[in-house]
Amino acid sequence: MKPTVVLDIERPSPAVVDALAPFGSATVHESMNKTGLMHPYMRPIYPDAELCGTAVTVCCQPGDNLMIHAAIEACRPGDVLVVTTTSSSTDGMFGELLAVSARAHGVKGLIIEAGVRDTKVLTDMRFPVWAKAVSAKGTVKESPGWVNVPVVCAGVWIRPGDIVLGDADGVVVVPKEQAAVVAARAQERTRRENDTRARLARGELGIDIYGLRAKLRQLGVEYVER
Amino acid sequence: MKPTVVLDIERPSPAVVDALAPFGSATVHESMNKTGLMHPYMRPIYPDAELCGTAVTVCCQPGDNLMIHAAIEACRPGDVLVVTTTSSSTDGMFGELLAVSARAHGVKGLIIEAGVRDTKVLTDMRFPVWAKAVSAKGTVKESPGWVNVPVVCAGVWIRPGDIVLGDADGVVVVPKEQAAVVAARAQERTRRENDTRARLARGELGIDIYGLRAKLRQLGVEYVER
Amino acid sequence: MKPTVVLDIERPSPAVVDALAPFGSATVHESMNKTGLMHPYMRPIYPDAELCGTAVTVCCQPGDNLMIHAAIEACRPGDVLVVTTTSSSTDGMFGELLAVSARAHGVKGLIIEAGVRDTKVLTDMRFPVWAKAVSAKGTVKESPGWVNVPVVCAGVWIRPGDIVLGDADGVVVVPKEQAAVVAARAQERTRRENDTRARLARGELGIDIYGLRAKLRQLGVEYVER
Amino acid sequence: MKPTVVLDIERPSPAVVDALAPFGSATVHESMNKTGLMHPYMRPIYPDAELCGTAVTVCCQPGDNLMIHAAIEACRPGDVLVVTTTSSSTDGMFGELLAVSARAHGVKGLIIEAGVRDTKVLTDMRFPVWAKAVSAKGTVKESPGWVNVPVVCAGVWIRPGDIVLGDADGVVVVPKEQAAVVAARAQERTRRENDTRARLARGELGIDIYGLRAKLRQLGVEYVER
Amino acid sequence: MKPTVVLDIERPSPAVVDALAPFGSATVHESMNKTGLMHPYMRPIYPDAELCGTAVTVCCQPGDNLMIHAAIEACRPGDVLVVTTTSSSTDGMFGELLAVSARAHGVKGLIIEAGVRDTKVLTDMRFPVWAKAVSAKGTVKESPGWVNVPVVCAGVWIRPGDIVLGDADGVVVVPKEQAAVVAARAQERTRRENDTRARLARGELGIDIYGLRAKLRQLGVEYVER
Amino acid sequence: MKPTVVLDIERPSPAVVDALAPFGSATVHESMNKTGLMHPYMRPIYPDAELCGTAVTVCCQPGDNLMIHAAIEACRPGDVLVVTTTSSSTDGMFGELLAVSARAHGVKGLIIEAGVRDTKVLTDMRFPVWAKAVSAKGTVKESPGWVNVPVVCAGVWIRPGDIVLGDADGVVVVPKEQAAVVAARAQERTRRENDTRARLARGELGIDIYGLRAKLRQLGVEYVER
């Protein structure tokens, strides 16, 4: 419970992160038994934002970004800042200066369950951000918090070093120990979907490909004339 | 109340649909005495999405897209899938594979009072979707529902074969029997607006063109000095 | 309390408006001690919308745009329409025709705590709008209201002639008497940020530049090993 | 689409309404295959509000209660006013005076997808109301609308004379033709639940009573040690 | 813009406050031409909460209640604390201890566009509160703010010494200069409503009493057979 | 990630739970450095609901309560069911029958980030529930999930056996290892507050008791004449 900063965290190997990066958030989330997805109010600030990296976690008092400043020191190339607050806030806790600073330390992007500002500049920088809100509202630097402890961000439990992947469909968190298995499953799922896509494109019906006619019947769905 | 699928529905003639297609949702909705408009939380997944077609309606259990699969069999070229759930959900019930399948059967697009995923691919495909949310959350295929019964979608009653028209301003539903009358009124309204636009562009005031000065006076609005 | 229209308002000099225009909403809001910012649900209808001008204020009955029509007569080049309603509404109170009319009188754009429609045309016209919603829902012209009285719009008190500045991060209101001071502070803040940005880009840490290490210690934040 | 009032509607027999009245909204909704339930934001103004009657439907312009006044003339003893608006509103469209008037004509209560006011008096009168909001905001009487046409209220399609039942859990609509069947099913369901309740109270497990152990196994749920 | 505290404010005479106290928020708001009402998300913490007093205004940083503590010193018997924050917050900024302190200085109750806690004790104390949320979340005391400057609270502009009246239907603000006029109008409105209520209770129709049949006809509302 | 049920969990000793039970959620949350509090949309179904017990955690597919049935088998006297879903839902997943069953196994109450139904009966039973919604909407029993794995409920990470405490102000989670320390701190805090309360009740000011005058000055807050 005591406010703490952990500077040195355990990260999965870059190869593990790279293995997940080609997949979309939907595929990865399905490969985890439909777990790990943040709430859908987390939206990218530009439509084609994409990111896959290792989490440096931050928990702040709402309206206070002191701990984001403290977190930069813990960042290494390939990291993603994952920021949450102790209660709901839309204030713009992160903007251009923090993005410049984060990028200078190799940070790939930001996931923030709060607001972000300077979005035009961040977009020009191609610094990808998923946020709950866009807001010019500035913050203070007065209250203690946490860097690199496990946090809940947008409904998902995330530990420092876990892998976070974002795209147009949302943000998914992969526990570092599971990353290799998830990547393998995602690969397998993608291969299966390629086959299915080709059949569907030719006009075959999903209810035939997936064998759903029997299920519909068993569930009591009746085919009737209008 | 019993779960049912109707494969063969009554559609208005393509000419009737084509007559409505040139108009915007605002014009069509005004031409229906300001009725038929879905709630404004139904947003297109890309800014210039546009669509006008005949509804194939689907009602699912939340978190379950089984009945969308069943609905594809009922689709004909020119149709639009209109999907709702028996209670509120943001899950991504529709994605790339269903879009490929739907397009193979001539479906023009999707209106869904729930979530959609694979939005980047759908945008690249130019497959227009209006949805309540974007979410990577996958669904199951376990529960019965309805295809081609009247449904309420985003606050509007819609029957199979009704015409649904979407653009940047929202989604409007035109009962098939009223489509010809509505198209004629929309035509007339557009002509009137062209005249008005020209006068407004020259600097004439709306309160003069529409004769509102008398109404303001009658309502007791006073013109005062600051 | 009585419905009134004021046609002739006091505006700050164009030089004062021009002095604020180059700054972003975040910088201006910070230069006002973090005040004057509208709620973050006020979003631009296209991503690079920008505007700085003098407010003509309007207060309408929800679902009724009569007073916007009355307000156009009060507009002068450089003005911005600022519209609110007496209770919450998302109806599309403003569209293409009003935009054409407003532009004919030199209006730079619209801030509306309600809905807007014809957004595709407004975007093509490059007529910037910040709104709470996009909705095709049309309005009536039956109820009295106010033009150019002080109003509350999206949480901010604004008087006729106050300066309103909008960009991708939101909308900020500057009381006309404070505009010169705020512009000077924004200038000074921008200069300071340029220095800081250069240092951050070289990898210096914000906690060092801002002297936050002492504060973290004083607040009891502990640096611990994982 | 044209604004209309229907004064004389078809109602089911009182016996049919009385047969449904003893059941709760959950039981009735389950007996309709989980359909007919309004959105859960429809809340009673006092905790033990209960009602079962025949719908007189009203559709108003938001912020305008003219058509509620017109609807009173159509009310008969045992009716329930069901009010909606053409777009979302929280204004207090109904208060003490309308309640006094409605009660004088035998109206049992109100379902309103908007706001209600004078809630203290309505509570003292024991006049049950389910509403989206409580708001003192008054309305005008300026715009046309509809009385006794089918409407969508809080997500449910309802026709004049359909049966509406409200309690602490929400509001459910029963199409008049289905009322007898639904009452019979509700009776049967209640009997079954009485048996189950007794067994559960003795400590038997639902997974045994409902035979769910096999399903859990078949779904791949594993029982593991901590 | 500079953080300030004003200890000595101008209040209307107690007689003026007493004249408004007997009326409900709906009556008072109608007597102000339907202005002055706070957003309906401001709800009382117990159903029969009622209050009428003079405002001591407070504006805080979200998550920080320092300025409420400073405001107590400015309170006099008959005052009401009116608290807002510079951006949206639901934190429990006020609880039992502040209520004890406020009451010791004669404060009648609290209006807070944020959260409140210790609601069980406050209810037992009969200390009336209207709030946006109930939340146990505690706040810090680190950031400057304002006491007794004009603020926007829940959508309404309010100055120190203005009269604030709350009941089950919401909260309305009466500018102190207008209080006497508003009380007189409320008196007159109440008398009129007493007459109308009696007629409605006897079964007369509002459309006859208010003369609305002509208006319905003029608006084109048609009376049709089902 | 695999669906699992754990029947036998580690619980703290009853003495530890009893030590926390006398305190309110606000006091406990403050004693944990303002952590552990669920989102404020978790509201009790009756005003004086109170509960303190050990968590049996459940994670379900939205709209599906199969795993709650499985969880009852894991419950022991003193437990509290803590239920969440893999995506947002308001469906009434829990009602009278499950409450009867739970109580038969000694369960004290329910925390559910979804909907609850039969609220009148649950209130009569004095079975305390904190929920996101009240809804009659029934659920299916078709999809796998988890019992007694760590879950995120309403923004808080909670493990089986952790202590959950609810009252009128909300719900707070205490990790079982920290329970004794938190109880001691809550005791100490309560003692301090008793002293402070007495002084405040005599009219002393919080800014004097807490020594805040210096802080206000240091923060630049100016005391000014009106």
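A, B, C, D, E and F label the chains in the order they appear, each numbered from 1.
Note that contacts are C-beta pairs under 8 Å (C-beta built on N, C-alpha and C of every residue); 3 or more make two chains touch, one makes a residue touch a chain.
The model shown is predicted, which means the values in this text are computed figures rather than measured ones.
Enumerate, in label order, the chains that touch chain C and chain F alike.
Chains touching both chain C and chain F: A, B, D, E.
Matching C-D on over half of contact pairs, by residue number: which of C-E, A-E or E-F?
The C-D interface is reproduced by A-E.
Distance-wise, how many Å sit between the C-alpha centres of chain B and chain E, to the nearest whole number?
The separation of the two C-alpha centroids amounts to 40 Å.
Between chain B and chain D, what is the gap in Å from one C-alpha centre to the other?
Between these chains, centre-to-centre, one finds 27 Å.
Where in chain A do residues touch two or more other chains at once?
Residue numbers touching two or more other chains: 2-3, 34, 37, 86-88, 90, 135, 137, 142-143.
Got a list of which chains touch which?
Taking the chains two at a time, the touching pairs are A-B, A-C, A-E, A-F, B-C, B-D, B-F, C-D, C-E, D-E, D-F, E-F.
Chain C touches which residues of chain A in the complex?
Against chain C, the touching part of chain A is residues 2-10, 46, 66-67, 69-70, 72-73, 90, 92, 95-98, 100-101, 104-105, 115, 117-120, 123, 133-138, 141-145, 148, 160.
Can you list the residues on chain A that touch chain F in the complex?
Touch residues, chain A against chain F: 1-3, 32-35, 37, 39, 86-88, 150, 152, 155-157, 178.
Quick one: in the complex, what on chain A touches chain E?
Going by the criterion above, the answer is residues 61-64, 86-91, 135, 137, 140, 142-143.
Show me the residue ranges of chain B that touch chain C in the complex, using the header's touch definition.
Interface residues on the chain B side: 24-26, 29-30, 34, 37, 40, 43, 47-48, 167-170, 172, 193, 196-197, 200-203, 205-207, 210, 212, 215-216, 219-226.
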